[in-house]
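In what follows, subunit A forms one complex with subunit B and a second complex with subunit C.
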Partner chain A sequence: MENSPRKGFWEAMNSLDRRIIFLILLVCVAVPLLLNVGAPIPPTPPVQLAYDAVESLEAGDVMMVSIDFDATSAPELMPMLHSALRHAFSKDVRVVMLGHIAIGLPLGHMALEEIAAEYDKEYGVDYVDLGYRPGYIAVMIAMGRDISDIFASDYQGTPLAELPVMTGVRSYNDIELLFGFEHGAVIDYWVRYTQARFGQRMTFGTTAVMAPDAYPYLQAGQIEGLVGGLKGAAEYENLIGHLGLGTRGMPAQQWAHLLVIGFIVLGNLGYFFTRRKG
Partner chain B sequence: MDSMGMIIGTWLAGFLTLAILSFLYKDNPFYKLAEHLYVGVSAGYWLIYVAFFDIKPMLIDTFMSETGFEKWIILIPGALGLIMLSRWFPKIAWLSRWPIAFTVGIGAGLGITANLQGYVLPQVQATILPLTGFTVADLSNLILIIGVVTTLMYFYFSKPHKGLLGGGAKIGIVFIMVSFGASFGYTLMARISLLIGRLYFLFHDLLRILD
Partner chain C sequence: MKRSVPLIITFLTGFFLVVAFFVPHEPFGELEQRLLVWFAIVSGFTMLLGIDNLIRSHARRIARTNTGWGHSIVLLMGLVVTVVVGVIGFSRLGSPFHIHSPFMFVYTHVIVPLQGTMFALLAFFIASASYRAFRARNTVATLLLISALIVMLGRIPIGAAISDFFPAAQEWIMDVPQLAAKRGIQIGAALGAVSMSLRIILGIERSYLS
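Entry: the complex of A and B
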């Protein structure tokens, strides 16, 4: 039994070179992406709630968009940012962007300019980028009193008073909804300092890693909706009727998940058989 | 028609992507180059951002534009910031404790109220749920309440986990494991999404074999 073919197979599987696993995973992700077989993903309740929160806005209302991620999370968060901006601009909602992750804010700005151009929106009139100020908590609390206290000007240095989009926008009282895109703990600050203290309506798009941490806020009603990971982005794309990278990536995501499940099963079976022999 | 800058930038990004991914085969000089470049560029980028979005508008411009008391009070945080740099000089490094104490004091003061008001109380309130019927929502509420109570039992270490406490703690472990499983699943999705993003860039932006 020591050299039985079955044991040899499981031992070989258990000592499989990890680079072979990487290669198989690469094929599993690349092939569906190249075949471009993405189909609309039905929305789950948390994403539907996020969509409903934006849908509840009326023309001229203000949606604050917070860019709290950087390039390391862009593949997940950029598709949902694009969708949320498309949704807001399609309803003629004013967009006020800011960010708490300095290195990621240009990504948000690029998305803002790209989507604004699709809807013929004008900078300073329909949307604005306030830029970055350090210190999450100080910025959040100060904006509850007066946004111009902390952002005297936009990212280009133009005073807020000279930007028509900021007319009548003084504090959270004048912002109907905050839509944050989060890859870290900034979501906790938004909820604990801005929602709890000022009662600001808010909804979030998060990386998949962050989503389980954000669900308690949704369950407690502290946030109105939650778009989690690439799947959430695909669902939001379906809701606004504009399919993008989120939807396109889902077949690759599914194949990769099946592969990992297969490897987990194989790994456990291998462990079971080799341990029994030992 | 893309500009030459865009073309060079895309090819550079493509090269750096492949250099980073090459680590999956084994450590190599291309990976090291990309890694060091990333760290250096990030640090430089941060420096520029802090200078132009922090020090200039909030310290220098404010000092130049304000008058009276507002003008001079801005020097206090400025001085505290400078004192932080005393850590570079061992003989006066102790001075840096002042701004640190200031920061810790403010953080603790704000954090205590925010965590109570914005986390503990709403979460406790959200756990006090009605169990009056036999609907799916009631079942969901029951599972949530059992999950919270038994997980808390598991983390109660002042008594041995025997009897009722032991039984509750064992159920709590199941809920904790389900939570870990959900987190692992989501983490897997996140990591695969990053790979999808990079491959999409290579296929779409670099090689242009995708629409």
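Entry: the complex of A and C
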């Protein structure tokens, strides 16, 4: 028996060449990026809370920044890192950077140098990069007693005692806020071993896919705020009044989401019609 | 003896660390700090073991001209070049991570674009999979599908432009059903970790010795 025209159409749609899907997605992402458009995104409560946590810091306070991602997550996390650093430096907060993903730390270092230059901040006086030490949990717990036991020097080998920015900074007691940028399970370690044990105030920026993992900590009050994904980054940019890569990337994300929604609906219609008639 | 000594070391280390967690005073606090520093140092050495293993396995593949031996050459060359530019950066500028070091050039122009490209490919596969595999085959799958559509719409500006329902519903899904499920999983995993840790400390679980 011959197929009806409608069934033929849906069968053809069901066997659509994946390269056509790839091409449509490429256009949906590339065109908004090339047009370089983007409007401010209103902040949601989790991002507002993260902003408030940094806003509560005073000049001279210390914010520890943890780089726990690499290039795979840079498009989502770099915009929020830039915003957080701008926010901290604009308030003359001292920034102490470290990281638990060795291959991602240079990204954090480059962002630190770039944003510090915008605010005429001096390395060693206003900010420092401690670098990387292996051991995740061991590093986190040991810093609760004495940071210099683990980080005897900064990434260049300069002893911490010779860096004015580290004056009076011995352990978590001297760090007002930890702002971690996460694309994996390191956020769990920070919360379990640093917040739960030492009571460290902390807030996080995560990839969109990781944000659901952080919601229990946010609701329990273990973390003060949460910047999730590119949308969160765009919201943070709006809050500090400096629209950047997050805001410019949102149209591309919007069209990609709409496209995926369209594909899901179309795929299910095809499934429904071919199954019904078959 | 060969098995009892490691078991005794494991028991004593685990016992002292548990005590140190609840009694951070001397001598437990200092002992814990010392053990943590040792752990960090030992972790560093595991990288050397990893490099050793990487070189051996790929050198073997090249020597035997196994499938993909050409890729192994590229991998080993990448390893050598990265180490060499790192050493050059260290000797000239004091750190391979200095912004003007040759390592940072390789990092910025090779490592970052390669990692980014690999991950970006995921978007294309997700788009293709959403079309072909995300089907409302039964009630549970339909619920998952509807939730996904609401969350995706709620996280983009056009969702709020269509209706305030989408951002609000997205927040509710994240705050209530998602969070309940996630919390249950986390509590289960934590109980499992405590149970396994106790088994190791008490010498019941010994598979790490083999």
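Descriptive notes on the structure:
We take it that the second predicted complex is superposed on the first by the 276 of 278 C-alpha atoms of A that agree within 3 Å, B and C clash if a C-alpha of one lies under 4 Å from a C-alpha of the other, contacts with A are read in each partner's own complex, and residues count from 1 in each chain.
Everything below uses one rule, namely that a residue touches a chain if its C-beta (ideal position, glycine included) is under 8 Å from a C-beta of that chain, and two chains touch if they have at least 3 such contacts.
Nothing here was measured: the structure is a model prediction, and the numbers come from that model.
When both complexes are overlaid on chain A, the residue A:145 reaches subunit C alone and has no touch with subunit B.
Contacts of A:43 after superposition on the shared chain: neither subunit B nor subunit C is touched. Looking at the shared chain after the overlay, A:133 reaches both subunit B and subunit C. The partner that reaches more residues of subunit A, of the two candidates subunit B and subunit C, is C.
Once the two complexes are overlaid on the shared chain, A:244 sits clear of subunit B and of subunit C alike. Contacts of A:267 after superposition on the shared chain: subunit C is touched, whereas subunit B is not. In the superposition on chain A, A:253 contacts both subunit B and subunit C. Within the superposed three-chain model, A:22 lies in touch with subunit B and with subunit C [touch as defined at top]. Of the two partner chains, neither subunit B nor subunit C is touched by A:225.
By the document's definition of touching, of the two partners only subunit C reaches A:113; subunit B does not.
On subunit A, the patch touched by subunit B and the patch touched by subunit C overlap at residues 22, 25-26, 29, 72, 74-75, 103, 131, 133-134, 141, 197, 208, 211-212, 216, 219, 229, 231, 253, 256-257, 260. Of all residues in subunit C, only 21, 29, 32-33, 36-37, 39-40, 43-44, 46-47, 94-95, 97-99, 104, 107-108, 111-116, 118-119, 123-124, 126-128, 130-132, 134-136, 145, 148-149, 152-153, 155-158, 160, 167, 171, 174-175, 178-179, 182-183, 186 touch subunit A in the complex they form.
Contact residues of subunit B toward subunit A in the complex are 24-25, 42, 45-46, 49-50, 53-54, 57-58, 107, 110, 114-115, 117-119, 122-123, 125-126, 144, 179, 182-183, 186-190, 192-200, 203, 209-211.
Interface residues of subunit A facing subunit C in the complex, by the touch rule stated above, are 14, 16, 18, 21-22, 24-26, 29, 39, 41-42, 44-45, 70-75, 103, 105-107, 109-110, 113, 129, 131, 133-135, 138-139, 141-142, 145-146, 149-150, 155-157, 197, 208, 211-213, 215-216, 219, 229, 231, 250, 253-254, 256-261, 263-268, 271-272.
Of all residues in subunit A, only 19, 22, 25-26, 29-30, 33-34, 36, 72, 74-76, 102-103, 131-134, 137, 141, 152-153, 188, 191-193, 195-197, 207-209, 211-212, 216, 219-222, 228-231, 245, 248-249, 252-253, 256-257, 260 touch subunit B in the complex they form.
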